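Take this structure, written in structure tokens, and hold onto it; I'll ask about it next.
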């Protein structure tokens, strides 16, 4: 019922925006939607593990991501208001309506308990995010959008074939029960070869959403051309959507006979993603592309973590959660940077520190956090990751450490260039950035810092219940 | 009867791979839609009336009418008719198709499971590969779109082959998704044509480091 | 931990919002608070017999080793901060205000993290403190980002520290397999059941990167010149010592392979020391020179540690106790005189706006206090009596000769090498510091100064002379510290030092006598001289020019010429390159020309830069895969699937 | 105390003896044995002239040079006569006090801003650096040989079981060479030359005058006596009666001075760039001695 209200109100509001396409009304409608979304998130917490509308369940995993979504989308909305200030009416209407649909569909992806429904919602996110990416309607954004839709659709088609393979066992086909539970129950009857096919197709297909190798490229392009609030949203909430869809399949399959094979595939994919991110980052000349590659890197780490068993799942969830906050904060800040420096290009911008000291402080904090330098809580998850790797797989440890160092170098050196390098223009416009605009970034960043020392109990419980590790695990490792 | 449909489907794929006129693509695609409808009817034994309507919508209406209409409209708007550029000679494309057919045979044989008709799988794999091949070798965006549509056909074939009967709601969702995807893609295609004055994939390679 | 961090975060926020001037006070106050609290704790810790665990909340553990390092850190940070109040004044106007505040903030964090590093044993928290330390110092280093090369130096520093962190992490993780937590305390168990040297080597690499041992030192000579002087002083004085701390900490856990480890440490330290000082002599950038001297001193400290480990292997308590004590004392001493030297150099640079010693000269007249401070530092760092550098080198020498006296051939060779290198280091350091002191402060200025140099301001002078007090005290009265030092060493490394303490005490008292009588004799001769020449007016005349009367300041002996013969001698190891422009044929009247020499660090150019450049080039070439074409992206998908199929088919995965 | 007195006495006549030897060999009558000291006494009673450029360093450095050499002489044993300052590791203090003197000499030479004095300083610093290992290698050898750690006992070679006069002679040879280098004598340097370009020690004191020059001269006399005493200690058995020891000591000192005089008479000085080779040769010989001692003690 709750979800129904949420869906209907979302769709209604998305439609209403077109009926009343004025700035003020649009903002009100979207604000209303955001409010509904937050309320939904709150109520969902009280309905943990209940199923609604047959295909949707508020399990621990979905609750985590609904929480992140509602925070990120609130912030995105706030920044979008400022960003779309000068857009045309229809452009803005399209923007917000797509944004609402995107939110709704992401909630669908997070909460659904059905393989196919999850697939449907993933496809909707692709379609709805297209208009957000194409907001500027320049040649570049058209190109990126085209690539995004096309590759995503091809990828998702593959994923669909994968799902078909997964359901190929006699039992599931007969009952037509494509819920995750159904799959879990019948999975042992499926031919392992088909399972492998299914897994690899789903992984490759969803890699476009997950922003990992092989289909990471479109994510980079999309991040690059999209308005920066949208980039932030893509890098966090949308990527999380891909993760949830993939993770549910993974969690079921990892328990089977092909579990080990899956771990190996994940390891290979993760390292490939990491390598791609590390190598291409060195050549990137655009701030947003660098951050996009950093997303690829983090998702690669998440995959590597997933291959490490229960603790790995804990690490992956922690990593992806923190990454959502930090990366979206960073990209919001990058948007503000663009307003000052007028460019994301590294060789065109510089001296940010002089022009916008407060903003550059925020950027510095963000960069520190994203590179997992303490006090970033990412350090905690990466520490755990390295711990597991050190115990189980030393060569991978070394490769990952090397690649991370490269990434570290890339991010730090390129950002420093922007921060304190030589400005190319003699005079930048005086920035008109009000203090509240930094607030979301600062809040997100402080989440990421505080998490090093304190993870809220309910959140920790949720992550633990998803990953299934023993209760006192963290205490033992960290002597909290 | 069924085997004839398979063969016809395969021929249509080869035709698409070999031809150089977009008009022929559209025609072949229309025929494929009808063929798919036939296969679905013949394959699925016990279907309800609702399901029938759905399949009808999916194949005949969607694949044979709406999409070809859209495609034709694009062609009219842009005035492009021929594949005048591709990265691979037509001969090689056909040879590659042959290779893929072989691979599909092997794959279908290797991955066979009792409950699934192997011939279906062969044709499904073949369709999938053809779609991917088209995307890889064609240099015009229109060709890519057709490639994507063929991949969607492959998906349809797989779902018939593996024999899933998804609940109606879900099926509608899938249908709607694909439909909207194609719709949006064609819209973007048109605007790319306007913006960039052409459909060459070359012009869409500026986003890189 | 949490309260401390909250406190620091609140200060951080406070500093960012308040005005610049108050920010300075807040910084001072915060540093003072941390200093007082940590000093009290560490003194308690030093006094109490057992390792006092109850003093601090959970993740912190204080023992005497950490207490010792904390006290050193506190002293240098105080002087550094005081110095910065004067040093930063010219920068206040032309740097963004936020940047200055960030600098203060980083200073606080650097201090706090340096205090935390020795207090933490849990690997996770330790690494957090370690990384914060790196980050804070990085921000401090790139303070003058407008200068050429600063950023590059800073980034190279940051990356190398990161690599070092990975080594430490790896070592920690490897050694705590089978434990729940990752902690140094697991080493005890690990070392008792496993081969010791591989993990020790990993730790050594990680900590050695911070400390600047040979091959791992390349960040040091770049970062120190780039940093403002107080930061160089703090970094060189204490931060790199935390690398030493780490090595000492690991050493306390060792339980086997002492001979191999000791030999390794001695050899690498000998090379480090020699290399550091050999490079230092050829530098004309005063701060770079001092940075290379830090490497040299790390080598000396490392010799002490190596001797200590060596001593354990042969059961020679004297050898190990004197070695460790020498290392500890030299750590303290170096923090004193190196910060002193960096401060003085900073005062000079502040006045003459160049770091090139060849453009200085005659500053003793303009800045007498700074000159005196630098002279004292130079004498001390050269290890000359009666200052403190001598005392620690004396301890290390004692340990060495004690080892030599009871020999086995294999060990003897190593000790012999150690001795030779220590002697050579001493001689070379003398060459180096006579050069740098003379060229900067004596004679006349070689080029015109941008403005008349003036004495540094009071804060700077005060903080320059603050370290002089312990430098002189330890130098003249080593008797006062030798017993506590040996007790400290004994309790850290669980050695029986009472026997050693007696003979050492005797030696030290004689050294004190010698030093004091030197002073007395000096004063006495001065008085006699005054008495002897009382009838005459002390006259001044022109410098003897060998009959040539038009002597001017450009004819003075320069730093380059002073070390010319040495440079020729060192040519096989350190190439000194020239850069000059030849005359062309159509040039009838010669244009103005420049000639300068430079000596490159072959480790940096050959072992670090070349491979890195190669790899980065490779990566740039890898970009051909990024075509921006949609078809290719789909092809990647196919290739990926193919790869996985193949791997599966070949049973690789 | 006896040791100090003996060193003092030695310092009074060695320099004169050298000059005397040289003059006799070259067929001149020459000055008296105490002429150098008379010169010094004259210097001590003269006024001071400083360079206009020089500052405080020129004024204090000579005093420190003198003081540190004087203090270092307190540690030198004379054939069994205990020195005043004697403790484990005193040779380190000794070596470093000499180095302190060198440090001060060098910076003092730079203080006047001269175009010559730096040359001497450069050479002094380099040669001092190069010769220091030789001294330490000898001491290390002696430490192995005797198991002692103090100058007052280290040089008691003749008292050791495996003693052979050859050791004493080699050590004397090395220390003799060290003396020549430390004191800038022929063949490393010619103190009587009048060309600033080729001088080492003398060029460093070009701008030093009067009392300051005097005490620097005294310091160099001291240095002679110190090394002479070390040679004597290695050659004379320490268990002889006191008077024998004093007589032998005097004989050794006279011989030492005469030999130096002879060397200065008959040898030419090296080209400046060959000096390093010479010094390294001395170091090499000391390492040889060390190896021989290793053999003797069956450590090899």
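For clarity, chains are labelled A, B, C and D in written order, and residue numbers in each chain start from 1.
Criterion: contacts are C-beta pairs under 8 Å (C-beta built on N, C-alpha and C of every residue); 3 or more make two chains touch, one makes a residue touch a chain.
Owing to the predicted nature of the structure, the values given are computational and were not obtained by experimental measurement.
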item: Common touching chains of chain C and chain B; value: A
item: Selected pair, greater C-beta contact count between C-D and A-C; value: C-D
item: Centre-of-Cα separation between chain C and chain A, whole angstrom; value: 43
item: Centre distance in Å when chain C and chain D are each reduced to the mean of their C-alpha atoms; value: 36
item: Chain centre separation in whole Å, for chain D relative to chain A (CA means); value: 78
item: Separation of mean Cα positions, chain D and chain B [Å, integer]; value: 100
item: Per-residue multi-chain contacts in chain C, two or more chains; value: 623, 626, 630, 634, 637
item: Residue numbers of chain D (touch at least two other chains); value: none
item: Multi-chain contact sites of chain B, meaning residues that touch two or more partners; value: 132, 135, 144, 204, 206-207, 209
item: Interchain contacts (touch definition) - all pairs; value: A-B, A-C, B-C, C-D
item: Footprint of chain D on chain C - complex, ascending; value: 361-362, 364-365, 368, 375, 379, 382-385, 390, 393-394, 397-398, 401-402, 404-405, 407-409, 412, 416, 419-420, 423-424, 426-428, 430-431, 433-435, 437-439, 442-444, 503, 506-507, 510-511, 513-514, 517-518, 521-522, 525-526, 529, 532-533, 535-546, 551, 553, 555-558, 561-566, 568-569
item: Chain C residues touching chain B - in the complex, by the definition given at the top; value: 623, 626-631, 634-635, 637-638
item: Chain A to chain C touching residues, read off their complex; value: 146-147, 150-151, 154-155, 158, 196, 200-201, 204, 213-215, 217-218, 261, 264-265, 268-269, 272, 279-280, 282-283, 353-354, 357-358, 360-361, 364, 368, 373-375, 379-380, 383, 386-387, 390-391, 397, 401, 405, 408-409, 412-413, 416-417, 420-421, 452-454, 476-479
item: Residues on chain B engaged by chain A in the complex (per definition of touch); value: 110-111, 113, 115-116, 128, 132, 135, 141, 144-145, 148, 151-152, 154-155, 158-159, 162-167, 170, 173-174, 177-178, 180-181, 184-185, 188-189, 191-192, 195-196, 203-204, 206-207, 209
item: Chain B contact footprint on chain A (complex, rising order); value: 114, 116-117, 119-120, 123-124, 126-127, 130, 134, 137, 139-140, 142-147, 149-150, 153-154, 157-158, 160-161, 164-165, 167-168, 170, 173, 176, 178, 191, 193-194, 197, 221, 224-225, 280, 283-286, 289
